[in-house]
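Okay, so chain A shows up in both of these, paired with chain B first and chain C after.
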Partner chain A sequence: MSKISRRDLLQYIGAGGVGTGAGYLFAEAIKRPVEFLIPPVVPPEDYSPGVATWYNTVCNQCSAGCGISVRTREGRAKKIEGNPAHPVNQGRLCARGQAGLNALYNPDRIRAPLKRVGERGDGAFETISWDEALTQVAGRLGRLKIEDRADRVQLLTGGIRGHLGELFEQFITLLGSDRYAQYDFTYPANLRLANRLSFGIEHLPYYDIANCDFLLSFGADYLGTWLSPVHFSLGYGQLRQGREQRGRCIQIEPRMSLSGANADEWIAAVPGSEGVLALGIARILVADGTYTGSDRDAWQRALEPYSGDRVAAATGVALERVQQLAAEFGSSKASLAIGGGAAAAGTNAVASLVAVNALNHLAGNLGQPGGIIFNSAPVFGSATRHAGLTQMTELAASMQDGAIEVLLLHDTNPIYAMPDAAGFADAMAAVPTIVAMSSFMDETTAMADLILPTDTYLEAWGDDAPEPGVGLPVASISQPVVARVYDTRSVGDIVLSLARRIGFELPVALPWANTKEFIKDAWKKLYTELDPQADAADFEEFWLAALQAGVWGRVEATGGPGDAPAPSTIPDIDAAAATFAGDTAEFPFILHPYLSATLFDGRGANLPWLQELPDQMTSVVYGSWIELNPATAGELGIRDGDLIEVESPAGSIRAPAYLFPAIEPGVVAMPFGQGHTAYGRYAQNRGVNPVQLVALQSDQQSGELAWAGTRVKLRNTGERARVVRNDGISRTLGRQILHPEENHA
Partner chain B sequence: MSISVSEALRPARKPALIGVVAVVGIFVGVWINDTYFSDRTPVQPIEFSHRVHASDNEIPCQYCHIYASRSPSAGVPSVAKCMGCHTAVADARERPEVLKLAGYWDRQEPIPWVKVHDVPDFVHFTHKRHVLAGVQCQECHGPVQDMDRITRIAPMTMPWCVDCHTEREVENGRDCWTCHK
Partner chain C sequence: MRSEVDMSNVLDKLREYSKPGYYDEFDYHWTMTIDLDRCTGCEACVVACQAENNLPIVGEERYAEAREIKWIRIERYWEGEFPDVKLNFIPMLCQHCDEAPCETACPVFATYHNQDGLNTQIYNRCIGTRTCAVYCPYEVRYFNWFTYTWDEPLEQQLNPDVSVREKGVMEKCTFCIQRIRMAKDNAKDDGRRRVRDGEVVPACVQSCPTEAMSFGDSNDPDSKVSQVMNSPRGYKVLEELNTVPSVIYLKKVHDDV
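== the complex of A and B ==
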């Protein structure tokens, strides 16, 4: 054994020390991070930690009015599912409904009342207290009322239904103004007008897709965005697989939508010619004796101009095909024609929809199972203050003239959802005071002088009667599923506290302490008038039962006023040709914008789950794109991903090209929804807004913006842009899967 | 000429020995950390004694951990729960640790207890099932009633769970989906 030198010993000690230190640090590093168990100061009464509580309420992401069940844990909303007891969606829910959590917990929510400090539109605000904010608004409104100038107050909201709409109505009336308008880009105003013209009933009927044998859809994307997509998707499933005889679906639209992709046949008729096609089919139904009504001769005369040749020429659909459609439509036991989408957003939209209604009448589909079943009017609160392009232009003019002193905004974004040419943004600059009641800093809210942050629908009380209804009286209460996340208030509470502060007769007429009391009182009326035979012992029990179930309905009362009202439109039946803004030679393509199944009309763009959800037809996420037929692209020398400048008579935008085989050559399509200049981090500065291409044209009868009535031209900028998409490539790489000659580059 | 392996390796002997010492050092380091600096017995914001409560005063576990039989988590008592007794227990009112508790209550602040027993987030452990199956608290948590400062006895690892499931012949006790879902 050799002696260990002092030097060696020090080396060993050093090695041992370093090793020990390393071992200590290693053990420290693999420890779990320290976590804390933080109990509440006072135990919660309405939940046990770790146990989920489900609350039923109403979805507010579109106007279908689906019932939802929200799973909460420790007072936090975790997941939204469809309410199985609700007849509209029967336990199902679409992606937009699921993404409601993103609205509730959105990092870009307005968290406290804000007052503008810089120039309007600069985005500079300071936080103020609720008391100060409400005092300011109430003071301004009260002064106008004293001076008898309250008619200079304009209330502009989104498509609010239910008793909340009635509260707004009462508030503005009591204030002494009649200026209340609802601007909702997706409101089916053309369809309602067409139904009034055809049937004398304006509220929407029940389209019984589930029981129909032959569904003919003129542009209505009933699986994606039309009226009540979850309910119609259920109906479609029933039509396809739920019964012995499988129904057939035909989709007529220039660009294949989700419904087109799921149809048996997709027919690309000339855009705007849907009404002509419907009347062409109608003429055959009358001529071949399918229609046997006493006024058959009158119909025959009225439909005379829609001869086969003319229809084939106008629609681009072969004569034999029109005849086949007519034969099948007439001979099916239960046939149904529906119209929507771009076909209901042209300059001839109402005429086209009346033609579709006539088709249903002639085939005997009214009041029949599998046809159009008339609903009784919604139990309460139908949206009646809808403003179309005409009214909004008038409003803009009034604002320009200085006739509006205070503009109260809630849940509507006309600056984004109206073409710039309508001048709404400029007109807002002329309004002395703009107050926005809003959850998010969207383009319109950003222009406000005072912002009162509102609860999202998952934090507020409300109610809704779905429209279209489901054939029986149905209504739902909307209840908060979690406590407020930020220092916000429900819009009903804001209106009620404004009423208290303004004084005069307002607090007497609107005596409720909060929205819950107001809604409860309204339901008391419903209980005594509509459902006196309810199983409940008293109102309190009835109310709790309705809250718990998430839906109230009366099963025995089916059918509506008169099962099949006689269409009174024979003399004026005329599918006027659609007119398109823009010279055909200069603007060779028709722009076909469509509602996005995820971002909808743009209101979903601030929800990250919807941004990252691929579009069903193209698989694109996050951005904007422009769809054009590969043949069209070939002629113009455009490759997939080239940055294209799209120019219309109204404006121009740039977006990458997406070569899409399922679109008619001569048509270019773009989804709505992107191109926000505000609206939070997920929406802002992403993609482009096709509304800015839309020329200011309206339907001849309804005055609604004809957003499908614009021509455009394309210019290849020569730049490339990245389209984020999941589908890889659309070619089959010589494997001849689709059809043998398919080999386009 | 003789060839000696040990002779050949002689120059490498010292570095090897240093390496061995270092490796032993690593184990010593880990042991020191585990023994004297372990996270099994963390210092809590209040020096709360389970021995005093569960043993000396014979308070049943579920008097405070009220959710154990109906929720995945047993639940830590709220500050109000603690104060419920401590306003009444007069002779303990002036003790420094109880004063700390009163301080939290006065400030209406929750007490940030350090978590001692934990399973990873991918394990769906639920107290409810175990309590309803008659498993005693002590079988996993050790003799809590004898501890002044709460300490982790069991490793709370998967083999440890599965051993017990096997021993007790738990129905589907070895199925992945029983715990990982």
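== the complex of A and C ==
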């Protein structure tokens, strides 16, 4: 925020033609400490006392890419609301998105560049100047480049999309390395691979929940955590009450999620059997003639093994119910099958998702309203450097071998979000120099030698093209909504100033003075490329309009291929059985971890509003818990609040028991998100991290961590632990609160 | 010219003004509808309210003592047992009752009904007897047992349009009265007598991802809220207590096959 000096103020007074008497009084008035004075003449244009200014930008709390409008007053951000013009969220916003203010004004942000002084991980740092920090990093990188060893530089970031991802890409390439990886725990790599196998299109399609009559979800918590929850929630509202015919929703999952609670039917299938169930339904669709394609015979042969009895036995879902599902799926005008959550995180995840895709094809939903509508590729900057378990294990091995000399980190926390057995933390010890560009002291950042504090997304420039898209090409610019709270820099600015300091061809190839200029330049290219007739001189107008609107897009749809899936998928249709780490006799329960609808994959744990927001299904705040079926608990003599030791082949943690009425008896569930050993006062030393229980197994096709593929055993420690919750008596006990006795269709 | 006041007229007016729900004929009657068939229990509204109304972060210890402050919360009600088990959500906030039990309880008139049909709480009149909270059948009144503080610099987020409450004061949902005031001021500046439908949007309603909530003036038969509240699914929670709430819920549809 620019300050108005006393001299300026006097000039304004002169220019405003205020009488000398008043001028004298004003001059006297401003001799007092300025903090008591709001300049009475023309303040900066976004700074009118008492009047809110709204800035449009992009939410960064998950990868849905919702547009947000931030209300600011007197240069402070006050509230985040959805941007009504943005087609993804249409003015709405989830709890996590709104809690972004807690990230901006978080008391535990890193406030200045830090240099390690003690041993690694001790947490002892001293403050240094930006100049010193950048000189050190640039010097290290420059020396490696001179010695032609720049391929020993590894850049590891979160799932960065948009032009910023391209900037990283260019930077690392110009440096002479191709080591750039993105580790994002929630990246839908299995779904993308399945879609590529089924449809030949990897980028995510549009799932048209709003217009669908029968929604069959295999584990995808589309109302809480799956891909684009706000957009799907809008669709769900529409499906329920926004049209003539109310749509139906079925949720198939071993533990009821938020979407399961809202479904008309919640079906607890055996974990990992979702693909078998999908193919069982598919077989019926082909057999009963719902599918009439020319390759019907081939499908029939491929689906032959999925007979009703076999499916019922494998999934634990009664045969009649499978038949009912098939009948309804086939006969509904618009039906849609989606897969996600634990069903997309087993050892057979890709195969299961391909099976779900096959259902959509057989019912003729592809390219249809209420089905799967293919998007054209995002306007720019899809995240392409995603690293799954395989790549991360390889990276850890390279680090152990001494092949990495400098590790540059940004916005990713593999020490927390990867099982200890993957050895990433140990491998980091073997890297001579670790530089973290980070806003918070998370577990991974705490291991760095040098920390360059970054702006939060509410203080920085950037852009994003949402994925899954909404059927139209759409993109948004991120802009700072307030001046920096601390002595931080945007990660783009850091990369650009490193480039300038390193020299060689970098400053020529990356000539921008700051991220804003870089983004603006990228949009200028976009502007002229997309519309060659456009007058480049009008760009400034376009830029301002796009900034102001918070979104830019084209109204006419440029449809992708909306036809049949690639025929090659048919012979591949095979729902391999999921394998679970751990012997059935020794580890009798299947662990069902799930993304928290409040803390997500753990990135929300440092936001006090989210810590204090009751978990939607259990009402628990500020801690971890393990959910088990009341009947199971009864057999084991476990009561609500008993401290349970949960042991898997990979590790063991302790958490209080929560008797959860909607979970299969052989399954125990835990949310991700808690159990941080760092990450600020709200997150640190609170609850446990179920990632530590996950055995190192990956999906057979994608190499992604199969975080839903571990068995555990339970031991009652005999101790009691506090579970802070506010649900009180969670039955209506005959009180007419919900009026369930009367039904209206 | 008459020299004496027509007392019967004054008494008529008095009777009229003291009649419950007199604002049905005068100013506005702010009303909210919540469609439980759309509501998913996602709690976007809870955080929206926390941000808008400067609700404190009470911390784990205070939360464990049931001293959390959430002007709107999601109540959960389980039905049935595994495997035929259901979880129902219902957002619960101050119902702004026409016949509010809390209003009759307050010894210092800190809570009263205003001309818009809002059940309001005057913080600096409240002496903290907590009687109103005992009388409220919806349990939506929250007491400040402590003066809560914000870890620096979280206080920079505080909404300057809403006062921060201190120890000893009862608080609750205001239907975002600051937004109502703002809309009225804007209408006045535009030379309009009344606020247009849709101009007042409380924070919870604004955030709702499924568009389950609507808000407006039920005196205006054309307002969205008037249309929605006439749905055959409409009901009021604990209606039998004759509190006459201003929040109308629309029943969830159960169409199990």
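Quick note on the criterion: the second predicted complex is superposed on the first by the 668 of 745 C-alpha atoms of A that agree within 3 Å, B and C clash if a C-alpha of one lies under 4 Å from a C-alpha of the other, contacts with A are read in each partner's own complex, and residues count from 1 in each chain.
Definition applied: a residue touches a chain if its C-beta (ideal position, glycine included) is under 8 Å from a C-beta of that chain, and two chains touch if they have at least 3 such contacts.
None of the values given here were measured: they were computed from a predicted structure.
Visitor: First (chain B), second (chain C), both or neither: which does A:268 touch?
Guide: Touch partner of A:268: chain C, not chain B.
Visitor: Give one of first, second, both or neither to describe whether A:332 is in contact with chain B, with chain C, with both, or with none.
Guide: Neither: A:332 stays clear of chain B and chain C.
Visitor: Which partner chains sit in contact with A:48 here, chain B, chain C, both or neither? Use first/second/both/neither.
Guide: First partner only, chain B.
Visitor: Look at the residues of chain A and decide whether chain B or chain C touches more of them.
Guide: Looking at chain B versus chain C, the one contacting more residues of chain A is C.
Visitor: A:736 contacts which: chain B (first), chain C (second), both, neither?
Guide: second
Visitor: So in the superposed three-chain picture, is A:689 touching just chain B, just chain C, both, or none of them (first/second/both/neither)?
Guide: neither
Visitor: Applying the touch criterion given at the start, work out whether A:617 contacts chain B, chain C, both or neither, answering first, second, both or neither.
Guide: It touches chain C, and chain B stays clear.
Visitor: Overlap the chain B and chain C contact sets on chain A and report the shared residues.
Guide: Common interface on chain A, chain B vs chain C: nothing in common.
Visitor: If we count contacts the way the header does, which residues on chain A are in touch with chain B in the complex?
Guide: So the residues of chain A in touch with chain B come to 8, 11-12, 15-28, 31-32, 34-43, 48-51.
Visitor: Considering only the defined contacts, which chain C positions touch chain A in the complex?
Guide: Answer in residue numbers: 35-38, 40-44, 46-48, 50-52, 57-58, 60, 63-64, 66, 68, 73-79, 81-83, 85-90, 151-160, 203, 206-212, 232-233, 235, 237-240, 249, 251-257.
Visitor: So in the complex, the part of chain A that touches chain C is made up of which residues?
Guide: Where chain A meets chain C, its residues are 73-74, 76-82, 89, 91-95, 98-99, 101-102, 104-107, 223-224, 229-230, 233-234, 236-237, 240-242, 246, 248, 256, 258-259, 261-262, 264-266, 268, 324, 328, 485, 597-598, 608-614, 616-617, 619, 621-623, 629-631, 661-665, 681, 686, 722, 724, 726-727, 730-732, 735-740, 742-745.
Visitor: Which residues of chain B touch chain A in their complex?
Guide: So the residues of chain B touching chain A come out as 14, 17-19, 21-34, 37, 39, 42, 67, 70-73, 75-81, 104-105, 108-115, 118, 126.
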